[in-house]
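What follows is a pair of complexes built around chain A, which joins chain B in one and chain C in the other.
What follows is the complex of A and B.
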């Protein structure tokens, strides 16, 4: 079997908060195979974005740092790479699409100049060639009349168009791994669908692996091959996307899926129609306590959960979960 | 949604991409006092650059009776205490004054922007070190330091420009640093880093263009300041003896101010008008480059 494209082992990212070092991502291990789409879901503040930044080698330092573990991208350990090595890795092997298309483009240059600049530094193209390459890739990401749009400034484009430009920039060097950090959160629902169609289409053409970070379960069900659920900086459930929707194992995952409103239920008459998980994500400082981080909010909490953290256990093929209850049920 | 419908939409709604430079010019040209300043500046430049070709009298030569009042001889604005032509002094002095002003301002910008950019971008100990150096220069009395530099290395045009440059870069450095601190965490800077841009490129090609508006204004205004500074040094006798400048004319004629008002008045007016023109242009640029005042 081929080694995975990306292999994260025991990753811990810590932040200096008030003189104390607090881990925001801990004991995180997962793999991404070539050409696959991994969805990472979880509430705000559960460490999804920090995981993405760690893979890019962009954890803001100080106050943050990767305090433990390894991130192997095709055998190269990102946690030990120098800034120079990271710079050549970024763009070429791994690149990232950010959440905010409105502010992720440089306002003083035309979109063509921004795409062309990347093409020039990575491929050593001439100005003219780079411009043609920019037009070509704008057409690829579905921007109409790219010959004209190439001379537009970012403020002349809509949010959806800007996100397409961002995707164009991140794909121009044909990275093996693309990290999309909530790429459609700031966009309209109809535009969201277009952007995801685009991702799928491009993935077919380029065979790029995608890590899709989102808090939208629907998106994950539609896009991802595999799903990883994160809670409080940990990987609590990991498995194929279809199994994850059909039979969630962790109470938190079950809660997340129940949170999706259905058409059958009518909220005004039925107060239970919109389910919510009680409580909030505990702050990073509270997590120093032993036991399962989800225990205070869990409906199926057992005594054991409060004292001992459940290790990640294989329950089926390619499926793992960190929950005492789920493990007892399968045994 | 078809592609052709999008095509129509886009071609009708926006004919030409409006570049930031074009927007700025539109805004600038609608500002009357800025345009007046620009015209005045153009007149001063033509006067001192083309003047010597049209009016070939040497400014350092004694050509007529000393202290001749204006309009009483062939020399329109009279002569000074050594019988040198005031008009020739104005024309040739303008070249020197503007050259010193511009090169000192350039030096101010180069030093200030470099130090401010490195300090704001890297932060940490780099920032600490560079800001302490900046503060050191800030607490030294400017005029005194410039005088010491000029006296140590002799009063040539280059040395005077350098002296003015190294005493006046501090505010530019602070301004640049503030802009970099604001911009370095912008999303597009992060995005640029995520596709593998090097620090050098992020500093000079990504952040600096975005920090440009206040720096352009500061650069324009610092030319005016440098001209005044040069006049101040020359007034105290620190000027290049081989070259006439407006400041030197005032300095030379100061002892005879009661006998010949024209000796100091004309160069004084020249300095006043030039600095006024530069300030008007600078203010106009400030308004034109401020996105909050810009019409959409």
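What follows is the complex of A and C.
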């Protein structure tokens, strides 16, 4: 079997908070195969974005750093690579689309320049060649009359158009891995659908693997081949997307799926129709306590959960879960 | 662009008229009689001579007649005649203008370039030696009065360690050749420029440091890094252009202050510019010369503001769109 494109092992990302080093991502291990789409799901603050930045080698330092583990991209360890090596990987082999299209583009350069400079940096293209390539990729991401738009500044484009420009920037060097961090959160619902169609279309053409970070279960169900659920900096469930929707194992995953409103429900008359997981995500500092991080919010909590953290256990082919209950049920 | 520019120029003309009327009125209200100063320097005069001089200068006319005569003259490009130097004011200003412009523009450019460079460099490493040095230097630059810095520089670099000339703009026996002359003037220029630039240098280094720190945290800088650009491109292409915007704004606003600062510096260093001329005209109650200098400074400030406006549009495309 071919080695995976990306292999993350025992990753820990820590931040200096009030003089103490607090891990925000811990014991995180997962693989991404060539050409597949991995969805990473979880609430805000569970470490999704930090995981993405770690893969890019862009954890803000200080105060953050990768304190343990390895990230292997085609055998190259990103945690040990020099800044120069990282620069040649970023935007070239692995690229990223950020959450906020309104602020992620530099306001004082044309979008064409911002796309073209990536190609000039990595492929050594001339200005003219890079510009033509920028026009070509703008057409590919569905921007009308790209030969005109190439000279526009970001403020002249709508949010959806800007996100297309971001996608163009991330795809111009045909990366092997594209990380999309909540790429549609800031956009209208209709535009969201267009952007996801675009991702699918482009993935078919370029065979790029995608890590799609989102808190929208619907998006994951539609887009991802495999899903990883994160809670409090850890991978708590990992498996094929179809299984994840059909038979979630971890109580947290079940909770997330129950949170999706159904068409039959009528919230104004029936407030219980909108399910919520009680409580909030614990802060990173609280997590130093032993036991399962989800225990205080879990409906099925057992005594064991409060004292001992459940290790990730394989429950089926390609499926693993970190939950004492789920493990008991499958045994 | 052209439309907004012509609007700016139209506004500038109205503003200039207001400046003229205001200055003329203020000087008219101020006590002191130029004829008496002249008479004093001549060693006395008869009342008939005083009356004759008053009539010659038009000082016996009522205020509004004097004002309208003056405005009419200025509109015809005539800034009047100096009581003291007995020369047209325009000629006096043109004679001295070069020296002041040389001083002011060199000082401002020096403050802008060096200040921004220091600020940007110190923003890269927040707690480095350079960063702390910039903070301390800018604090000192802010707090020390301009004339004090001038005198200290003279004591240090002209008296104790005689590297630079004490005062003036050129050596009395002018050296032969153009290059020798330029070098001579440049030597004389160093201390006045350092003195005049000190406070702005301090200000721009702090401003650009703060602005750079803010820009480096922004999302588009993260995007630039995620594209795999080198540290150099990220900082000097993507961050710098955004970070200099507030610096440019302030440079435009502060140009008027730099000109008034030049009056002090020219006096300390006996620099033969408009500042010394203005200072002397005040002492001698030479109101046409003073009015001329004030008018000229106002024109200069307005021109610089329009230039800054254009520069702003060039740097930030979002502005021309509005």
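By definition in this document, the second predicted complex is superposed on the first by the 331 of 331 C-alpha atoms of A that agree within 3 Å, B and C clash if a C-alpha of one lies under 4 Å from a C-alpha of the other, contacts with A are read in each partner's own complex, and residues count from 1 in each chain.
Going forward, contacts are C-beta pairs under 8 Å (C-beta built on N, C-alpha and C of every residue); 3 or more make two chains touch, one makes a residue touch a chain.
Everything quoted here is computed from the prediction, not taken from an experiment.
Chemist: Putting chain B and chain C on the same copy of chain A, do they fit or clash?
Modeler: Because the two structures are overlaid on the shared chain, the partners are seen to clash.
Chemist: For A:144, using the defined touch cut-off, is the partner it touches chain B, chain C, both, or neither? Pick first, second, both or neither.
Modeler: In the superposed model, A:144 contacts chain B only, not chain C.
Chemist: Which holds for A:88: it touches chain B only (first), chain C only (second), both, or neither?
Modeler: both
Chemist: Applying the touch criterion given at the start, work out whether A:105 contacts chain B, chain C, both or neither, answering first, second, both or neither.
Modeler: A:105: touches chain B and chain C.
Chemist: Is A:49 in contact with chain B, with chain C, with both, or with neither (first, second, both, neither)?
Modeler: neither
Chemist: Could you say whether A:235 touches chain B, chain C, both of them, or neither, answering first, second, both or neither?
Modeler: In the superposition, A:235 touches no partner, neither chain B nor chain C.
Chemist: Touch test for A:118: chain B only (first), chain C only (second), both, or neither?
Modeler: After superposing on A, A:118 lies in contact with both chain B and chain C.
Chemist: Following superposition on the C-alpha atoms of chain A, which segment of chain B from the set 7-15, 43-51, 61-69 or 277-285 overlaps chain C?
Modeler: It is 277-285; the other listed stretches have no clashes.
Chemist: Once the two structures are superposed, pull the chain A residues common to the chain B and chain C interfaces.
Modeler: In chain A, residues 56, 58, 87-92, 95-96, 98, 100, 103-109, 117-118, 121-122, 153, 156, 166, 169-170 are touched by chain B and also by chain C.
Chemist: Could you list, by residue number, the parts of chain A that touch chain B in their complex?
Modeler: 56, 58, 87-92, 95-96, 98, 100, 103-110, 117-118, 121-122, 144-145, 148-149, 151-153, 156, 166, 169-170, 173
Chemist: For the complex, which residues does chain A have touching chain C?
Modeler: 56, 58, 83, 86-92, 95-96, 98, 100, 103-109, 117-118, 121-122, 153, 155-156, 166, 169-170
Chemist: What residues on chain C touch chain A, complex-wise?
Modeler: Going through chain C, the ones touching chain A are 218-220, 222-231, 233, 238, 241-242, 315-318, 321.
Chemist: Any idea which chain B residues touch chain A in the complex?
Modeler: Checking each residue of chain B against chain A gives 3, 6-7, 10-11, 14, 17-20, 186-188, 190-198, 201, 205-206, 209-210, 212.
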